[in-house]
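Both complexes below contain chain A, partnered by chain B and then by chain C.
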Partner chain A sequence: MAVEAGTGRVAPAELRRSAVDHARARRASRRRNELLRHLALAVITFILVAPFYYVFLASLKNATEIFSYPPKLLPFPPFFGNYKKLLFDTGFLRWMFNTLFVAGSVTTLKIFLDSMAGYALAKIDMTGKKVVFLAMLILLMVPIGALVVPLWALMSSFGLIDTYAALILPPLANPLGAILMRQFILGLPKDLENAARLDGLSEFGIYWRIVLPLIKPGLVVLAVIIFTDQFMSFIWPLIATTSDELQVLTVGVAALRAHGGANYGLWSASAVMSLIPVGVFFFVLQRQFLARSLAGALKQ
Partner chain B sequence: MTATQPAIELIDVGKHYGSVSVLTGVNLAIADGEFIALLGPSGCGKSTLLKLIAGLEELSGGEIYVGGQLANYLKPSDRDVAMVFQNYALYPHMTVRENIGFPLKMRGLAKEAIGEKVQAAAAFLQLGAQLDRFPDELSGGQRQRVALGRAIVREPLAFLMDEPLSNLDALLRVEMRTELVRLHKRVGRTTIYVTHDQVEAMTMANRIVLMHKGVIQQVGTPSEVYSRPANTFVATFVGSPPMNLFQGRVDSAGGCRKFVGAFELPLDGIAASEGTATLGIRPEQVQIVPTDTPQALGATVELVERVGADSFVVSQIADGVTINARVDGARQVREGDRVAVRLPAAELRLFDAAGRAVD
Partner chain C sequence: MTDAVMTEGGRNAAGRLRLSPAEHRRLARKARLRRELTGWMFLGPMFLCFVLFLVVPVCGTVWWSLRTGNIASGTSFVGLQNFYDLPGVVGAGSAIANTLIFAAISVPLILVGALGVALILAKIRHGGSIYRFLVYFPVLVPGVVAALIWLFLTNVDFGLFNNVMKAFGAYPVTWLGADSALGVLAVLDVWRNIGYWAMFFVAAIIGLPTELYQAAELDGASTWARFRYLTLPLLRRIIFFAVIVSTIWGLQVFDTALVLTNGGPGTATTTVIYRVWLYVFASNNKVGFASAISLVLILVILALTLVQMRLLRDRRGID
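On to the complex of A and B.
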């Protein structure tokens, strides 16, 4: 570094040059870090997406192409035989309808039941509330395996085995949703309820017109949990139904594998088709995650 | 309700949660159009009393009459009262228009009538331009006005206000205080205003109800409460700085009744019986006089607080006993000065052993 004679200070031009070099080095280092970050993200994305793509690829190949080596990464020309067979030669559409009907019914009913139970647990003074809540928490710890046999006996005694009711009613008793809703509703200020009470709303009116709109994000989270849980449910639908007409997707696709031979193309097509409703459900609900902020309702 | 009937009357009202008593034996009659402030420290039961009147809490005992009608068993919405909450309690998912119109909608009013009343309330509260906004798009003052709008649009018999100005910044607080007084004058409805801020109570109310530990300590106009406190709690809670209080006893030895404590003072004109007593005097009544003034107490200035127009002079009059005097801000008094203080007999307030004022 050049030093001015006599003063011992670094020359201004030299200082400027040094600052520019420093800034340039910093920029380069930032770019390098960003590149590394993107590279890491790309690897993770690849790890997550690759299996889906491979299944999608397999669904568009015939039996010989699936095992060809090296594998074709672009299915051209695509083979739609697997989808045709799935839709017209199996009970796939029926399974899909059953699954959507059961998952949709359970989700809709459970949203109302759980939010009402959550409201009661959070806001209504009643004797034994703590005991009920504790019982619900304990119930969460009971594994599904322990419930299957008594549940089957119960449904059987009501004559409900192999009906839609057998698929829809038992999941409604799961306490997780009510516990979640209680926590959401506990966060709502008491003054809002009091204001509504003075405005002339009944207890149900407060729940319906004030509480429900304010816990919308919680309801959406709960809907997603319930819907996907029902969509993927296998053990109970397998036990609770015996006829082909009431089979749901998970049971139907499993049966397809058990009885249809090793048709990887068909299995892949069924996996791809099964993903569509869940994807659509997420897409529709993601806009609903936002509720009007409570910020404006209260003094900060 | 007849002309002489109180708008709201509380008879022996009590409230307890299990074994914890929150309110005891509250008796109060509030005249139509009166502005009453419920004043007291946090936890004294003033907000609970307001909620009992609104019907948001259940009575443990006593009777509440609203507009001459027994309200004990009436639903909150049937009591003809509107409440402004400490935290606004606006419905965040509704616009200003919907918030103000909501109580009318619940009463089944026609859409057109609701629209007209909302417009009128909005114009009155200068909210016309904000009608289609949501609460989180409004300033603190505007939100407060929406909360008021929701109350006045119902045209109730009485307004119940639960510390509506708490947590607002100082400037907005003063502004809203003036607006509330103006609103009361224009609307002329009975208002019960809960606050722990004595300035709010003194400046806004026709009468103050001072509460402590669930019991009414004194009911009176602001000047009555200030100049003739009913007990030592009122004497120290109202006024800033509070009344000077001195422990001692009343002695009649030698035929002359006097107060004997850290100092002795003749009690001319005060009908006090002998025994333990507390003597009180407001800081502005304490006179700092020349040291040679007869019947004055010698004192040493410990602290001078200058607050602009006034100064507060804290002087030691006996070992460990100080007195606070409010003097003109221009007066030259310095810490360490030797002065004399005079306590005019007419301004003295005597309290008995239980702390009750002796009249």
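On to the complex of A and C.
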């Protein structure tokens, strides 16, 4: 470029020097840009994370400290009264158990239902398959919140309102898992499965011994999607249960807010404690959690 | 099956199997039946749940939207009356308006913010994983808990926002007042969802062909030009997908409105699903109106889904 831009002749040494300069300038600007990026991200993440720290601070303050200005920015000396009250005077541990139990059940059941349905949709030539798949795609986005009236009527006609079954059954209908599993299984090489079929393995044997092990990474992502969705679900558990013993975490925490006046200490402690399981899971399964965002892209 | 072929079929001179056409049809039908049965054994359990807890409730919503009365004690058929009355029913209009305004504020902010964060994150060379962890963390907060956290940000006396304003010498603001509550709710949604779409865009950006960018850089295209004429067009479909899906999610807002503002002040943050809940479960039994307004929401979501599917099919046509 230097040659073209100039008179047509450039001394080799000069050219070399300018190239070195150019490279150095580029490296410097690259380093500066990287630094700017870190700075921008630091500011953004600080803004996103600051609310957590503020609530964590509040949870370790007593009622008068919460209201004092300027606020203490370090939780010393810590006050554990809020946590003590949350754990011993409310049903928090029970709510937590219910959430983990319901979310665990839904996840386990759905892993099998969805992978089997995905296998049928991907590999078995059967009538009605296309119609079923299309119906699943069309109804994929219909939220449970818009269906609470008929769902309540259905569950109450089964006599299941205020049971674990009422919490576990309706979420099984979500077709996202079957659609994702179909996609995963379509991506598997045909040879393995054909070889197994020639060796006389039954269709279920192919699913169980060949397909399931191969799609294990997909199953983990699916499990993470289902579990977090269940962990966060609110409106259906709110409607499907009436007794205290069956409240899940989100419903119980909302009840803390709705009843018994303004108790900021208790609220902050419940917010912090609610986030512990998600935080732990996220830390362990970071990669799979981030793949949650890709599930949408995968559908394409 | 192989045995059947051996005995009933027989062989010709070339050693090939030969079946009479009737025999052939019978065997083919038998194999087909087996395949159908196996298929439905695999698909059946999931399909049953899908029909029972999704297809039937959607049809049930249509059915109940044509009736009036109490969900527990009985309803009677009123035809389309609920839909004629819906605009005049207490809270229905404001619920729809609030939901649309909420989506109109939160969706653009989420997507523009997420795209910005993703553009930076995709290029960072070291330490990206810690930023990803932190940016994504609010995504995993249940709406109820997020709303509790925001009570501590928006409180007039000791909230983080007002404490920061005080530190800069500004007057405290009533964040959850009638004019601003819906906006605060939308910003809460931005806080919760920006990480999700940021990760989505990061994956898309990393997948873009690098040669194009090298070529553009050699041609002296500025950073802005590269974004405007390369990244944006290449991501067009991804962005469109994000707009549709995040709009669908935005239309479902309920739990944050319930916990942060109780739908108030007045009806300032009462959304569609909030209204459904109020109609049926919290106050009087207006099961017909609840179903009618649910059906409106479902139809809007179905329309958006179909647009999305149409778009995907078009793309497959081009590929």
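Observations, loosely collected:
Here is the rule we go by: the second predicted complex is superposed on the first by the 245 of 300 C-alpha atoms of A that agree within 3 Å, B and C clash if a C-alpha of one lies under 4 Å from a C-alpha of the other, contacts with A are read in each partner's own complex, and residues count from 1 in each chain.
Operating definition for what follows: contacts are C-beta pairs under 8 Å (C-beta built on N, C-alpha and C of every residue); 3 or more make two chains touch, one makes a residue touch a chain.
Treat the numbers as computed from the prediction; the structure is a model and nothing was measured.
In the superposition on chain A, A:L151 makes contact with chain C only, while chain B stays out of contact range.
When the two structures are aligned on the shared chain, A:A63 is found in touch with neither chain B nor chain C.
Of the two partner chains placed around the shared chain by superposition, neither chain B nor chain C is touched by A:L285.
Legend: residue contacts after superposition of the two complexes on their common chain; A:L48 is shown touching chain C, with no touch to chain B. Legend: residue contacts after superposition of the two complexes on their common chain; A:L100 is shown touching neither chain B nor chain C.
Put simply, more of the residues of chain A are touched by C, taking chain B and chain C as the two choices. Judged by the touch definition given at the top, the superposed model places A:L160 against neither chain B nor chain C.
Of the two partner chains, chain C is the only one touched by A:T127; chain B is not.
Annotation: chain A residues 292-294, 296-297, 300 touch chain B in one complex and chain C in the other. Residues 51, 54-56, 75-77, 81-83, 85-93, 102-103, 106-107, 134-138, 140, 143, 150, 166-168 of chain B touch chain A in their complex. Residues 189, 191-192, 194-201, 205, 210, 213-214, 291-300 of chain A are the ones that touch chain B when the two sit in their complex. Every residue of chain C that touches chain A in the complex is listed here, in rising order: 35-36, 38-40, 42-43, 45-47, 49-50, 52-61, 63-64, 71-72, 117, 120-121, 123-127, 129, 131-138, 140-145, 147-153, 155, 157-158, 160, 163, 166-167, 191, 194-197, 199-200, 203-204, 237-238, 241-242, 245, 248, 252, 254-255, 258-259, 273, 276-277, 280-281, 287, 290-291, 294-295, 297-298, 301-302, 304-306, 309, 312, 315. Considering their complex, residues 33-34, 37-38, 40-41, 44-45, 48-52, 54-55, 58, 66-71, 113-114, 116-117, 119-121, 124-127, 129, 132, 135-143, 145-154, 156, 169-170, 172-175, 178, 203-204, 207, 228, 231-232, 234-235, 238-239, 249-251, 253-254, 257, 264, 267-268, 270-271, 274-275, 278-279, 282-283, 286, 289-290, 292-294, 296-297, 300 of chain A touch chain C.
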